[in-house]
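Here come two complexes built around chain A, the first alongside chain B, the second alongside chain C.
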Partner chain A sequence: MRFSTEQKDSYTEVSGTGRLNMVAAPKLREVVGEVVSAGNKRIVLNMLATDFIDSSGLGALIGCLKMARQAGGDLRIACVQPQVKMVLELTSMNRVLTPHATAEGAFSND
Partner chain B sequence: MRIFPTRLLVVLTLLLGINYLAWRWLESLNWDAWWIAVPLVAAETYSLIDVGLFGLTVWKKKERTAPPAPADATVDVFITTYNEPPEMVLETALAAKTIRHPHSTWILDDGGREEVRELARQHGLGYLTRGPDWADRPRHAKAGNLNNALMETQGEFLLILDADQIPDPAILEKTLGYFNNRRVALVQTPQYFANVPDDDPLGSQAPLFYGPIQQGKDGWNAAFFCGSNAVLRREALMQLGLAGYVKEIEQGVTRALKASRTALRRARRSPEAADPLVAGLLDDVESATERARAELRAGVSLSEVTYRVRRTVDGAVQSLVGADFLSLEADLADIAALEQGTEPALPSGGELDGAIERMSHRDLSPLAALASVQAVLDALSIERSAEAQPIMPMATISVTEDMATSMGMHAMGWQSVYHHEILATGLAPEDLSTMLTQRLRWAQGTIQVLLRENPLVRRGLGLAQRLMYFATMWSYLSGFAAVVYFAAPVIYLTLGVLPVTGISSEFFLRFVPFMVVNQLLFAVTGRGIPTWRGQQYSLALFPTWIRACTTAARNVWFGRPLGFAVTPKTRQESGPRWDLIRPQLIVMALLAAALMVGVVRLAAGLNEPIGTLVNVAWVAFDLLVLSVLIKAVKYKGFTPEKRSVDAVQH
Partner chain C sequence: MTEVLAQRAYQAPASPEAIDELHTELDRIWEVASFVPELDQMAFTTAVIESASNVVQHGVAVPGGELRLGVTLTVMSSVLQARISEIGAVPSPEMPSASLPDDDEESGRGLALIEALMTTITVELRGETKTWVLSREIETPA
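Our next item is the complex of A and B:
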């Protein structure tokens, strides 16, 4: 899985391309960890090109959310694909991380 | 195909059963003796429902042949142990090592024994035990042991074996193929015991359950997990764990918001709150927590709700500090006393619960109150620190984690398989005391699941799945019916009180055909299977079943302990324990006495001949049922014969 980071006006966007599984999960933690230690607290994970997620991937999302929250910020997810949406709903993880339609809109009400 | 005769018998049994029972309720109830008439007809209704559920189960009996196993599937074999002898654990682990499909073998030693660790090292076996995270937290017995191991390993599939279950080298080849279907989460195989003589005095083998019943449940996609000799898909377990985590977090946040409001109201009574700025800030934060509670109810995501409250609180804290209105030093001391509340090192374990508790009971200054709200909300929105690990895939709501776990997986839409072939051979209890402990534990666990997560109303399960889980739970209520079945003939023979209005030809016409087809149904579905032991024990162990129901109910409703014990796998030494079956001995004595009194009353013309005949036959049946216990008490353990030795050693 490949990740890229882009600094936006009011948040930092992290995009992941590929499958967020056991192999990719530690990489995501690492990328988000770097973003947080660089002082960026508001993070949006753009999942437009993430076509698969499993429980390890969900575990990594929780870990990343934790890092952002401990730094006083927050992590949001956006543009989820059907398989990702299904797994989020199946595990009720959408109660913790609500998918936003667009990355720009993820922090719009805060 | 044998399914047609079975289905025909199911339909006939139910029709004749309803025909009999409708007459019992509507026309034959002896209301003058309602105190025995009503319990009896209720017990009979219980039994008819039991038979109906059994009929539904075997209706879809499914026989499967395993598809070929995928060569690249990665597997961890878990051997769970708590206090079994190290030699026994090692024997099982070494047998597990010889399983042909590539895998890693792990001993999950919940006893944390150095000796076992050393044996594992010598033989190149994996060894796992609980880490420091579990100290002072709920251990959840076997479920906790497995959950701990799940976090330490990576295999796609897990084979779970009790310490005494020696696996066949082919066990994975024969079961992994089912997982080619991406929705299959569980493959259960039978539990079979090598140290049991042919007449099975303790009723250890469960041939009807690990046969027609599980095959029938399988037909309805409801074959369930029985704790050992099963392969599970890790992904399904992890998803189940995540769903449980979200549920816990949601409850935690709801609780924390409520406690925050209390803390803020108390803070408002402090002298500093007289200042309009301070009062205004407290108002803001309180209304933010109120809004958050409303949003949560409306389904807004937990992290965003807590984030918004957190930001409001942060703003308020900054204003307070910035305005320098308050004696900061006192506040800082207050905050320090609240553990390291606002630091990234969040309160952990029971500390967090304690923090919430204290927060709502202490009079805090406004700043300290806000800081504690900050800390608790923050921690709860992402942590689940009352538990050793946030994700608990194996269910922890019951002492029989297996059934609850598979019910959770079924409710999430996963499928299960029952593979009817003995692929592991274990050791059954060899004395009555151990056997009774084990049965009590199973029954308690099952009733706990019924009371905590009633399958009949469980979201996500199909109707047939609900009924399949319920059927097993229903069968554990048999103790209450048994008492009535023992009491009714005693009451007639000794007092002449009949629960029916009269034993007429109509009784025989309605009852006998029902009984005959019912027995035929058992004979056909249990073809070649010894089912009589099971029937005897379902009535004869009535004190155990009743105790299981009452203790489980007290546990679930009033939080009382179950008096839980791990089943010892080795024989407990002592002489015959007649004291263990005292209630049953009393019942046997009453039944025998009733026979004599009945004969005297018949001779004296006080009782009817037909009524006496029916009740004497009934008493004879009851005594036959209970007689198994005499055998069980006297049983001195298993003496291996040649055949069985081979079976043990493979």
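Our next item is the complex of A and C:
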């Protein structure tokens, strides 16, 4: 899985391309950890090109959410694909990580 | 119902890299069995990867041996079946919890997810091989 980071006006966008599985989960934690360490607290994970997630990936998402919140910020997810939506719903994690339709809209109501 | 329409087998040392290779095997089987509805493909792939990841993460090799992951994927006209084997493992009859953990827990959702996606789950223990047999009935039979 490949990750890229882009600084936007009011948040940092992290995009992941590929499968968020046990191989990619530690990489996501590392990428988001670096973003938070650099002082960026509002993070949007753009999942447009993330075509798969499993419970390891979900664990990494929760870990990243905790990192952002402990730093006084938040992590939100956007553009989720059908398999990711299915896994979020079946594990009820959509209550904690509510998918946003667009990355731009994830923090727009704050 | 029992006629085999597509089948693939995979075996490798139980490493994280094997999970990506197995995912590619799953993608290949859907190329052959494209009649299987997308929802069933998605559910089956998710459960198989969860189960195989469990072998890689929690399987313990017998002393001096190598832990291997063996998977057979079978597509029948109305059923999808996977046999996921932990080969050369210290026998462990314990089952992980199937209930969902607290929202802030970072692990422990795998079996709950597999249960939600599969019609039946059985576990066979034979010496140093533990095999998970996962089946999902196809929602709209071909």
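One rule holds for everything that comes next: the second predicted complex is superposed on the first by the 110 of 110 C-alpha atoms of A that agree within 3 Å, B and C clash if a C-alpha of one lies under 4 Å from a C-alpha of the other, contacts with A are read in each partner's own complex, and residues count from 1 in each chain.
Convention: contacts are C-beta pairs under 8 Å (C-beta built on N, C-alpha and C of every residue); 3 or more make two chains touch, one makes a residue touch a chain.
As the structure is a computational prediction, the values presented were derived from the model and not from experiment.
**Q** Please work out whether A:95 is in contact with chain B alone, chain C alone, both, or neither, and reply first, second, both or neither.
**A** Both partners, chain B and chain C.
**Q** Looking at A:19, would you say it contacts chain B, chain C, both, or neither? Reply first, second, both or neither.
**A** So A:19 only meets chain C here.
**Q** Looking at A:110, would you say it contacts chain B, chain C, both, or neither? Reply first, second, both or neither.
**A** Only chain B is touched by A:110; chain C is not.
**Q** Identify the partner contact of A:10: answer first if only chain B is touched, second if only chain C is, both if each is, neither if none is.
**A** neither
**Q** Return first, second, both or neither, reflecting whether A:87 touches chain B, chain C, both chains, or no partner chain.
**A** After superposing on A, A:87 lies in contact with both chain B and chain C.
**Q** Is A:58 in contact with chain B, with chain C, with both, or with neither (first, second, both, neither)?
**A** Touch status of A:58: both partners.
**Q** Name the residues of chain A shared by its contacts with chain B and its contacts with chain C.
**A** Common to the two interfaces on chain A: residues 22, 54-56, 58-59, 62, 66, 87, 90-93, 95-96.
**Q** Taking the complex as given, what residues does chain A use to touch chain B?
**A** For this pair, the touching residues of chain A are 22, 54-56, 58-59, 62, 65-66, 69-72, 74-76, 87, 90-98, 110.
**Q** Provide the residue numbers of chain A that touch chain C in the complex, in ascending order.
**A** So the residues of chain A touching chain C come out as 19, 21-23, 52, 54-56, 58-60, 62-63, 66, 82-83, 86-87, 90-93, 95-96.
**Q** State the interface residues of chain B toward chain A in the complex, per the touch definition above.
**A** Residue positions touching the partner: 154, 234-235, 238-239, 241-243, 245-247, 249-250, 299-304, 307-308, 311, 314, 344, 346, 378, 381-383, 390-391, 412-413.
**Q** Quick check on the complex: what are the chain C residues that touch chain A?
**A** Listed in rising order, the residues of chain C that touch chain A are 16-17, 19-20, 23, 38, 42-43, 45-46, 49-50, 53, 56-57, 100, 103-110, 112-113, 116-117.
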